[in-house]
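Please read through the structure below; I'll follow up with questions.
First chain written, first letter: the chains are A, B, C, D, E, F, G and H, and each begins at residue 1.
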Amino acid sequence: MIKEILKQVQQGKLTVADAEKELATYEDLGFAKVDYHRKKRQGFSEVVFGEGKTAEQIISIIKALQLKDKSVLVTRISKEKANQVLEACPSFAYNEVAKILFWKDSDQDSFFEGYIAIVCAGTSDLPVAEEAAVTAEILGCKVRRIYDVGVAGIHRLLNNIDEIQNATVTVVVAGMEGALPSVVGGLVSHPVIAVPTSIGYGANFNGLSALLTMLNSCSSGISVVNIDNGFGAAYNAALIHRLIQKGAKHNENALS
Amino acid sequence: MIKEILKQVQQGKLTVADAEKELATYEDLGFAKVDYHRKKRQGFSEVVFGEGKTAEQIISIIKALQLKDKSVLVTRISKEKANQVLEACPSFAYNEVAKILFWKDSDQDSFFEGYIAIVCAGTSDLPVAEEAAVTAEILGCKVRRIYDVGVAGIHRLLNNIDEIQNATVTVVVAGMEGALPSVVGGLVSHPVIAVPTSIGYGANFNGLSALLTMLNSCSSGISVVNIDNGFGAAYNAALIHRLIQKGAKHNENALS
Amino acid sequence: MIKEILKQVQQGKLTVADAEKELATYEDLGFAKVDYHRKKRQGFSEVVFGEGKTAEQIISIIKALQLKDKSVLVTRISKEKANQVLEACPSFAYNEVAKILFWKDSDQDSFFEGYIAIVCAGTSDLPVAEEAAVTAEILGCKVRRIYDVGVAGIHRLLNNIDEIQNATVTVVVAGMEGALPSVVGGLVSHPVIAVPTSIGYGANFNGLSALLTMLNSCSSGISVVNIDNGFGAAYNAALIHRLIQKGAKHNENALS
Amino acid sequence: MIKEILKQVQQGKLTVADAEKELATYEDLGFAKVDYHRKKRQGFSEVVFGEGKTAEQIISIIKALQLKDKSVLVTRISKEKANQVLEACPSFAYNEVAKILFWKDSDQDSFFEGYIAIVCAGTSDLPVAEEAAVTAEILGCKVRRIYDVGVAGIHRLLNNIDEIQNATVTVVVAGMEGALPSVVGGLVSHPVIAVPTSIGYGANFNGLSALLTMLNSCSSGISVVNIDNGFGAAYNAALIHRLIQKGAKHNENALS
Amino acid sequence: MIKEILKQVQQGKLTVADAEKELATYEDLGFAKVDYHRKKRQGFSEVVFGEGKTAEQIISIIKALQLKDKSVLVTRISKEKANQVLEACPSFAYNEVAKILFWKDSDQDSFFEGYIAIVCAGTSDLPVAEEAAVTAEILGCKVRRIYDVGVAGIHRLLNNIDEIQNATVTVVVAGMEGALPSVVGGLVSHPVIAVPTSIGYGANFNGLSALLTMLNSCSSGISVVNIDNGFGAAYNAALIHRLIQKGAKHNENALS
Amino acid sequence: MIKEILKQVQQGKLTVADAEKELATYEDLGFAKVDYHRKKRQGFSEVVFGEGKTAEQIISIIKALQLKDKSVLVTRISKEKANQVLEACPSFAYNEVAKILFWKDSDQDSFFEGYIAIVCAGTSDLPVAEEAAVTAEILGCKVRRIYDVGVAGIHRLLNNIDEIQNATVTVVVAGMEGALPSVVGGLVSHPVIAVPTSIGYGANFNGLSALLTMLNSCSSGISVVNIDNGFGAAYNAALIHRLIQKGAKHNENALS
Amino acid sequence: MIKEILKQVQQGKLTVADAEKELATYEDLGFAKVDYHRKKRQGFSEVVFGEGKTAEQIISIIKALQLKDKSVLVTRISKEKANQVLEACPSFAYNEVAKILFWKDSDQDSFFEGYIAIVCAGTSDLPVAEEAAVTAEILGCKVRRIYDVGVAGIHRLLNNIDEIQNATVTVVVAGMEGALPSVVGGLVSHPVIAVPTSIGYGANFNGLSALLTMLNSCSSGISVVNIDNGFGAAYNAALIHRLIQKGAKHNENALS
Amino acid sequence: MIKEILKQVQQGKLTVADAEKELATYEDLGFAKVDYHRKKRQGFSEVVFGEGKTAEQIISIIKALQLKDKSVLVTRISKEKANQVLEACPSFAYNEVAKILFWKDSDQDSFFEGYIAIVCAGTSDLPVAEEAAVTAEILGCKVRRIYDVGVAGIHRLLNNIDEIQNATVTVVVAGMEGALPSVVGGLVSHPVIAVPTSIGYGANFNGLSALLTMLNSCSSGISVVNIDNGFGAAYNAALIHRLIQKGAKHNENALS
């Protein structure tokens, strides 16, 4: 890309000032530099981490982002803050369990027929699992939810194993000892993204126990994201989904 | 017991000197106080922790203990040290994998027909599993070994689950992420004693990962011993076995 | 069991559909999969961990479980939540110190005459000790409470040692430095289940200090559960109790 | 699959004995249960973790595995041990930097034309990067190595960014502060798998510093494996590669 | 200095009482010893850490300090406490974002034309960045703020790199994984002072992750202050600024 | 003592029942076993740790203790709880800064003319320093307070060093980096008891930093108590004071 | 002292040069500044920490120190290094278990008839216990050794409790879970100095477990030194001993 | 700089190929990308971290670097490796204590007359202090060494305080409890760069204790580098020195 800009400058098609502008890929709001290039660079729009930002800041960022691309995603936003934002941005919707705010009409064409399995160990892991599920849906993926199938009652997992095995990617959410990804990882032939949750008590140390379990898993094919980071897992899964679609298109082109 | 001694003193059956002697329940070797009362107090003879003791010290302790009770158990003793001890104490045998030295003819009547299942996750956990198995056998218990059934290939565990379910107690030994006890704990109706091992690398932190996993297990019925403490798990299991036998006798008596 | 189902299918006694159903051992409430097989598999009904669940979720789970088995146990449930549940489930009772909700008429036949000693170090450890005591009672065991006998005044422990020595299992609850299980473990000949509590300050690190103490105990016969996990210790103790009873029955049968 | 076996049993096509055998998916070597189903279940053959196994054990496992599938992979195996194995298994080759032993003629058809970028921060991270690169190649993927492009000289990374951006998956290996995945993650639109290494000193704590950095990355699209786990990262990347190929085939089928 | 006092005593120019008084460099308020010598010894007046002191205590300290030097700085003071102090000390002003209270007319002659770049990674790091910026300004330095240029969008940093490279010192404030100082450190030829913030979640451990990242930075020229210690970083930067000015003066003198 | 009781039993001077009673050195309040022997055994009455006990429990314990010995000390008791206790026990007084409740007329004869120096580093360490000072006074020791003499202004310490050097024991209280005991320890020839406080922020980790500093001190003659444990330090110091007095008496006797 | 020097300077009794010299209290060996004032300032000669110093460095320091005071103590010195030093300094002796090198004829008049009890939990703690015992003896104190009385066999401790109770100070050395000081602390009325050792395995974490136990002890009257720091404990105990002697003298003077 | 290149391209003074080349600022050795721009970008040549690189790799890197700039610095290089390099690069010299290899005739014009004070606490901290001192000297700074002035004998520090106060920057190296920087920081009016060392034992945790102490210092004006990172501290100090010189020149220019 830089090469191209250089060429255009050389050929007089682009002034130096414009070339510099071309690189100015964000708007500076003072407290934040809103990234316009993200979608081009990373494939999805910028995602706003709602925690620690005021409703006013979030509204400003949304408005700046929407000048270029309507589909914005705000994660970790409380009901109170979300309500304030919704008044200013009525075209948005809020999912209370997942604590996600998103553009109602966002382009949710599921790009192909595969689905992501979102598996969680216990009822208390639900908010993180839902953060993952809703994120994946907003990013255009089909999702199947298989909840409360922790290893203490392994038959619950085994009874749903077909649905998990047929997914293209599985996100496994677990707190306490976090053993579920190891068991799932040994039963499937696709990537497993493990999300430790901070659910537990005592020597759980706010999710550290589950995190270490997942990092040390003896099953191959598991990678791990931060504690409670349902969004991150879903984002990874969506990237993989898009790759599959691309692979498909690529081969189509090769065929034609 | 103190009450009894008091009574005997009162009744003139015991002099004050003898009463004091009665409480002198160990021999003082200077560097060690050898405990003669252990078997009476705890049901099994004193177990000597071999690590950090010289062969000479171990020989002295064995000789002192054997004045009262022949069956002595020395754990964590290297082959070199064991060979030195065996020369001085030829009635002993040494198990190299388990690193245990024990009195060859120790009274290994299995007190009843139940058995302890010793389950381990991977081949590398074998030395700890064997420490547990050999200890349990020396303490007079039947043992069944079910090795290399880690959760990454859950079918290997499920294929052996009957043998585990029929045990009276199960000792589960696992390193890496230490998820195996949670799965076993959910499938059996007897106590599970979990032993984390220091096997693993990176964020395993010498067994800390497996230890935390086991402490945070969402399966009920699991208790945990120190990292690599196969002996401790087996000792606990043997205590439970003896209780069952006692229970049996108790009821027999009640019947007759 | 699988073999039997296979045989019945082969013999035409079971349709494939029914065979599959037979394995469907839980009801799916969406947010939870209620486990009907637990009692069969583990000997006690499923226990509901109340923390992090809403009163509504708890009520749904209780109602689903009670279709098959009335005796349900809910731990870590606050007074407020418990009151909400009690309105919907009037046949339940609530123990405020232990924070346990249970079916009032649950089948509390103490299955044999042995008892569990629940020992705690200080007055502040009482809630955890009571969680253990009440759990054990609900699971059908006799319990003796020996409270506030911490090692700083060892004579208080020694004065109660007979009652502890005569128990079949001892649960020792201690915070601060957690030294009590080591001392008790050296004085009894039955299993000791140690429960570290989060009571303390400074370098106690919310129970980590007591946990490490117990894991490193130089007394044999001690196993450890998670910090503040009074329920888990009692559940383990009850499993051992049941084994003793079984052992008794087993020998009876052998006699007859 | 279970359903199918049930049907075959019902239809008399499979005896109960054979149905059971069908589930017996491993050979029991005593110290190990060799998994024959792995390739079917997970898509790649079982990988043997060489550390902590003797050369003899490794040879036995290889021989058992090769009865069903020739392509075996042994990781973390020292030169000495590898030489012993090579004598017994002359059809294998050894890569000394990556410490990997593999079947020389293993079926390395790169299944499609995409490639995995293996990026590392410093010269000292090379062994882990090579473990990843060699693993990926053995699993049939094309690989491009972009080494020594740590963030201290960001221009080295930027000069190679096109090659990284055109990959389908990027594995980023970094020790010290482990900042490289965050920078790469912000510049690409495909999944990044981050591998912390134990390279560093002082407050690096054997890779903990790099591990935490990667887990807390503010770039989306990053997932993390254990410290020094180059194999695990490559295995994940290969799973994703295979998915893309599958996606391609799937669409081909849809077209025809 | 002691030598001089000794001489003056010897020469009778100073009585022993006065000599002792000369060393009495603070006023004892009972709860605090107010340091009058600080400015002479360290170049800047004593800075009062507001956290954990009552408004009354702060007022007393200010009043004592102002007997000798008007320019006092109070950090980490909440709005409520600041308002109470402002009533008693109307010549002070309060900066709410930076939580700093300072003497309105403090002598803010920027001593030379260089400036400190205050760079921060994300919007949530702003309070710490502002603590640094406001402190530096009160200590008489010019400041340029470059905010929200975290490594996830490296182009935002690169677009502002000239302004950062032209600074004399750069303070880099970052939470989450804290990778920004490493990248900045590799691009500038002046000292970088890194401030980890407690912003983040999960395995961030309240800033520990960012702290370790910065300590392990592979870029040379970076030193680190405590988590959230914006004040400390600015104080260091101001010391360096003053040195440059001194160096200038020194050479001027050398020239003349 | 046991010997004596045995003798008395033998001589018929003591019945078995009385002998047993003699060992019953506490009253059992159910939730607490109040220790009557403490003063005899340890030289000071039992001290009640107020945190985590209700006002009612504290009142019961005080009343039980006062049957035998009036001087009771309750530490870590909030103002609210103290007020409740004071209503029931009007002969007590409360020190709000030190959070200590004590018997107003407790026997505070300073047993000899030496004094304990209580030194603290900063104004924020005052509550812990006062807990130490008030405790020592109640236990009958003279105390001198030297506050706010942290190492950042070493001259404040040096100006008070004579008063510290003349003490018999010095208690040094410090938070933040906790360096003060090392400096004091190098300047005095008597025991220094170091108390880390939880005062600080960031990498202070609630006092862990100060605790480690003190444990690793390169000055000889320093021992350490738990974080914020002003009481413990004072108790130790008082024990040493009493020893000195005893030593004095001992020698007097030797003289006469 | 400074006051005195000031006065002497004022009175012309001391020149400024001499006054300065008076403060020059050490000899500068380049790699070390040998402290001549230590004995005056702290009551005992400087103690040389042998670890990490070469034999040559130790010899130089000893020779410098002996110019002013013959009794030098070198701790943590290996046999090899000690032999080298002994050749150069034949008037010294070496204790191999305690790893201490000391001046053979050092002035070991035990200053009064009290003794320090050195108590240790297990045989493996002996080297640390001996470091304490030998140090105390060299510093002129009587010592009684009570070894191998760990809490797992509490009767061994109780049988020796009289000897411990009659000491003036008790040093308690313990590894593993480190519970012994708590029990001893509750049984004596003098200060207890606790020394955690690094003896243990697994979750012992090189003595951290024992250290935390001792810091959190619920017994009053316990202070703690660094892991394995037998020297430090003995030094503290000797300081207390000297105080008692001083106290005695003080009162003698008061009497006369 | 980019702007200038753009302009030159526009003006036809630079071809696109040359513009790209201009950005190719390193040579790719395969295992390393040697950075030619470092001196331009950062002011000093690239420094090679010798640990974990073979002698061959180091020689290759040196030879590549010397094509553009002779003065190369290799840190953390063992004597053995250094000797191998010296054979191939005879114009280099090796400092064994500091473990630094450097170009003998490197341009060591001390750029101005100020000096850096290198202060260390104990004899064992010497290697790290020397790494700092030698590095600073090679980077062209004057250095004064003030060694073995730890806080346990504060008079040794105070006797050298003038020399420290007159430095422009002070590097303070300390292990054990790491208290020295706090004391120095309170006595000087220039920046202090603190280097924790891994010297110590027990709860020192390989330098963690000293690191935390320094980060939490209550003295202003202290920043910290990684454990044992003497090089990093000196590099920072040299950057500050150069700034002072620049400041001087700047003002000269302003004058003229």
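Here are a few things to note about the model shown:
Operating definition for what follows: a contact is a pair of C-beta atoms (placed from the backbone, for glycine too) under 8 Å apart; a residue touches a chain by one contact, two chains touch by 3 or more.
Small disclaimer: the values here were computed from a predicted structure and weren't measured.
One rotation lays the C-alpha atoms of subunit C on subunit D, and its angle is 180 degrees to the nearest 5. Work out the mean CA point of subunit F and of subunit G, and you get 24 Å between them. Look at where the CA atoms of subunit B average out and do the same for subunit G: the two points lie 39 Å apart. Shown for subunit G are the residues in touch with two or more other chains, namely 153, 186-187, 202-204, 208, 211, 215-216, 220, 226-227.
Each chain pair that touches appears in this list: A-B, A-C, A-D, A-E, A-H, B-C, B-D, B-F, B-G, C-D, C-F, C-G, D-E, D-H, E-F, E-G, E-H, F-G, F-H, G-H.
Considering their complex, residues 41-44, 47, 112, 114, 168-169, 186-191, 193, 211, 215-216, 220-227, 231-233, 235-236, 239-240, 243-252, 255 of subunit D touch subunit A. Per the touch definition, subunit B reaches subunit G in the complex via residues 23-26, 30-33, 35, 37-38, 49, 51-53, 57, 196, 198, 207-208, 211, 226-229.
Those residues of subunit A that touch subunit B in the complex are listed here as 121-122, 150-154, 176-179, 182-183, 185-187, 200, 202-205, 208-210, 212-220. Of all residues in subunit D, only 3, 6-7, 9-10, 12, 16, 19-20 touch subunit C in the complex they form. On subunit B, the positions that touch subunit D within their shared complex are 123-124, 126, 147-149, 153, 155-156, 159, 199, 201-204.
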